[in-house]
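One chain, chain A, appears in both complexes that follow, with chain B as partner in the first and chain C in the second.
Take a look at the complex of A and B:
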């Protein structure tokens, strides 16, 4: 079972946000972010869940070693007893997922509904999402039902990030590159001068 | 005397709307669920299956119900947050009686006694029809049936109608004219089987979010999606073809598409010949709607009109679905008929993946219009002016045919008659016309002229504030019953909790009123299932036949589609299979539709179109959803959508306050600049009350057949404020 994210299908209804906020471990506080991309341009919205990176940047930068991964690769919220509230993870995450919660002095984030997924259920957001923007299921089923293919490799400049959550993209997309520098033929002149 | 008994501020302080953010006792003290109740959402016509978590007699949350086939656990934000209407501080817990300075608690005996005394007094002095009854399309089938029977048997008034009159009645009337019966022709499971899906005036993503998945499952297998709407709604964003029609021009657009199909020979002559009547006249009538002429009328590029015809013609199967955008017009019926002409001319109906339907907006938009709470209709979808139908129902109810009232006034007309002083008394159940009717100042003047107004509701709506007596009724989760969804599937609602305090289940209030009016013998019910049994028997043999249904059968099958005339009948998910329609000769009818402009078109003084609609987190007049904190936060106040080109021409910046003026009045709202709307059109969502209500400035003109108001287009002037 894997998690698939397809922002192109998002209709902005916030069912995922509301349903996430129902979880008893963080009741009233959603761990999903959902934003308009550019409200003045289009009704396009995009949900963001934790991508559950193979080698999570948030954990790499945590000075208190508070961010742990389960054996099956789920990246958890910072451990309350270890988290020092420094927000390194909030700043470092390339997907903008973790949030520092002042009332708890703790970083909290999407844990893929570990209480549900560890029992074989779907995460709450993917259960309720009415438009298929958030989906949880066997990869072979998703491949059969959708024309898009999931991508798990992202390049942020020099950093390559591999994730457990798949981002749906047009078939043939192997990696998503989000840094303009990667598309430039040669190193720009000012950079050479500085170097 | 139905002016407000005290200031609006005082009423709001006591009765809300107050936003509720947590279940009773707060999230921190939320107990574990003792049981999960399988029931349905209390909002739109999709009626998603949902499980309510119950502990210690309180609804404390929800759990997805993945086995229910329509939504398979999926929900929108409204469904997820709906449980927060329970244990709500605004909840009416006992009857209220109006005083000089507000409302005071009344006993049930006093409240019911007063309602009955005023019904008798008004009817004796002014005639039976001087007392009107208004219901809602969120009521269960049981309650809708009972309200109709109460009006006709115990009050014997002709004037009973419902808020479906503000919803999809144009589709209902057109479906009856074209097909001989009023129901969406296909189950939604046909949508993913279609190779072309045409969505007309239906903001699927926000108003019926679950159906988005159906449309996109079709797209995943290569279907083309065509969207007709003046706004680029979330579903339109990914359409293969978007036709941004000028408000009020839909029938011209569909004449143009049909004309192009005729020109390219892409019509189904065999189907037309074998199963329909009247095509030749339609073919002649649409001939003048060339792509260029249609472009001039509709503002849709000729090439897009031709492309729509091409996509429709190329697809072996197709579904056409529409909603309020097509129906809320003074020619709503004609608009709907123009789309049905397209479906019939190409024979795309009555087959897997081929069909047509309106998507009803209200929870029981379908069932609420079937069993007699409409001014022109009796149980079983029978026509109140049809002598045979009248005789059948009179016999069933044990009255003479002459005792049965004739057709009465529709919802908007009832308010006009109140304002004229012809109707003196009103009993309402779950309807909030102060927010939902057009031209709110006129609605208010009418309410203020009432001699007596009794309202049954669970929250004190903006309309119930005007009441002399308020009877504390029940929320959906406090009663048993059935709902008929937008696809014609009858589903079962389960009681999760009892009404709180001294509030009562709605139908028991109606039964008590009937008894006090002297009709106890005709209203003997001990449970909601008694009512359903009677409703099914009453519908038996009628056009809308529930004769073979039972609670047990509905529960076992997770819903049963009507017609279902006999216990052994499996129900009918898809209508018109084999080209058999419900008219006596088995044929469908074409109708000639010639485009005519809206009742109030743009001119020099009011040069822009105003159109209205919903947002995803709110439902109808907001009497429930404006009290649910997270849903209110998602859309706290209305705004006016303006295209940046128009905003620049008018000197309006993003977020700036804007003055909207129509011939009814003015409204001040912040500007939301977006390229997702025609530059000649502005849009305001309608869920708010008082100074925020767009229905203060909408137009009250009605469709001559369906009596639906023209919410979707009037002329407006927009200025920076």
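Take a look at the complex of A and C:
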């Protein structure tokens, strides 16, 4: 079973945000991000879950050594007993995923609904997503249903990142080389966030 | 030789020296407690070894260095006063845990203060720093001696004697209450139940329970059972204490040694809040302190992670929100939507 993310399919219904808050490991707090991609020009929204990197940058920059991976590669929220709430992980994650929760003075993030996926169930967000932007299932089924293929290799400048969660891209795409320069507007304008 | 090994050897040597000097050249060292002392020396080596390895990690090293720089720049007295306040709140009262959950705070307060009280009593006794003797002229008067200096004389029937003889029992009861509450919470909270692991989360509770229960059984044996089972309980207690000391550097309990970093980050955050803000190169919003972003670039460089683009742009200069949008924008362009 694998997680597939296709932001281009998102319809901004927020079902994933509501469902995410139901997860027991962060009960009451949604960990998924739902963003307006370019609010000034388009109603397009995009969900972002933790990509569960093979060698997570968040864990490497953590001064408290508080971020651990399970044996099956899931990157967990910072250990409550170790996290000192410095936000290094929040700032260093190339996907912008971890959240600093001030009330707990602790970093929390998407843990792939470990209470569910460790038992073979789907993550909450994927169970409710009506458009297939968030999908969890066997890779062969996704390959049969979609034209796009899952890419789990990313490049941010000279940083290469391999992930367990796949981003859907046209067949033949081996790596997604994230481009920043093309998306910097001449007149910067703060963007709004849904959740 | 690795720095961690040197640190471990220094720590172990300091403990041996502290035993030799503090016990008056082993005059007040109790040979019956040798196995505890031996385990303490090994634990000191292992704790310092692991602590050295932890401090050597680039992000930890950078944080430590920055906190020391801030103390130099802003004055040790001013930073020290603020650190003392933070230490009282975060290490003493542990108020940040109360914000996570009231039950969690009560549990941790019992476990941590029960354990610290026990260590504060046990180590000086084991190392021969403190010993009790009968006053020369009065058989029912006890004398407490610290580093060879008489601290106090008190009657064995006084409240001081009661407190001195039962302090370890009190610490054991505190720990047992904490263990019971921790197990109750772990069984009741589905989130914790899902992610807990036997070796990481349950084993320390088992060890703390075993140490406290066997310690209390020593008192029960001498006061209620006429000494029945005392040798067995004494050996079992020694074995569990040694196991706990040897587990300390390798498991969850090591966080007790790491936690003072929470005071350091309090100083760091205060300095960061009063300094310049970093602004996102894409949206222009202030998203962090310029000091922390500069530190992160340094840490990433030390880790051989270089999110720098051909045009010189560093991904640390893009805010987390824009990074999420950029993922969607790049994917949208690829799929043609």
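Details
The working rule: the second predicted complex is superposed on the first by the 176 of 195 C-alpha atoms of A that agree within 3 Å, B and C clash if a C-alpha of one lies under 4 Å from a C-alpha of the other, contacts with A are read in each partner's own complex, and residues count from 1 in each chain.
Just so it is clear, a residue touches a chain if its C-beta (ideal position, glycine included) is under 8 Å from a C-beta of that chain, and two chains touch if they have at least 3 such contacts.
For clarity, every value in this text was computed on a predicted model and none was experimentally measured.
In the model built by aligning both structures on chain A, chain B fits alongside chain C without clashing.
By the touch criterion stated above, A:60 is placed in contact with chain C alone, chain B being left untouched.
Contact with neither chain B nor chain C is seen for A:69 once the two complexes are overlaid on the shared chain. In the superposition on chain A, A:105 contacts chain C only, with no contact to chain B. Touching more residues of chain A than its counterpart among chain B and chain C is C.
When the shared chain is aligned, chain B comes close enough to touch A:129, but chain C does not.
Contacts of A:153 after superposition on the shared chain: neither chain B nor chain C is touched. By the touch criterion defined above, A:88 lies against chain C but remains apart from chain B after alignment on the C-alpha atoms of chain A. When the two complexes are overlaid on their common chain A, residue A:8 makes contact with chain B and with chain C alike.
In the superposition on chain A, contact is made by A:21 with chain B only, not with chain C. Our summary of the superposed model lists a minimum C-alpha distance of 6 Å between chain B and chain C. Once the two complexes are overlaid on chain A, the chain A residues touched by chain B in the first and by chain C in the second are 8, 10, 24, 27, 44. Within the complex formed with chain A, the residues of chain C that make contact are 54, 57-60, 62-63, 96, 99-100, 189-191, 193-195, 252, 255, 258, 261-262, 264-265, 268-269, 280-285, 287-288, 292-293, 296, 299-300, 303, 305-311, 313-316, 318-337. For chain A in complex with chain C, the touching residues are 6-8, 10, 23-27, 33, 35-38, 44, 46, 48, 57, 60-65, 76, 79-82, 84-88, 90-97, 103-106, 111, 114-115, 118, 148, 156-159, 167-170, 173, 176, 178-181, 183-185, 188-191, 193. The touching residues of chain A, when paired with chain B in their complex, are 8-15, 17-19, 21-22, 24, 27-28, 39-45, 122, 124, 127-132, 145-147. Residues of chain B that touch chain A in their complex: 21-22, 27-28, 30, 61-62, 64, 66, 71, 73-77, 79-81, 205-206, 209-210, 212-213, 216-217, 220, 232-235, 237-238, 616-617, 630, 634, 644, 654, 672-676.
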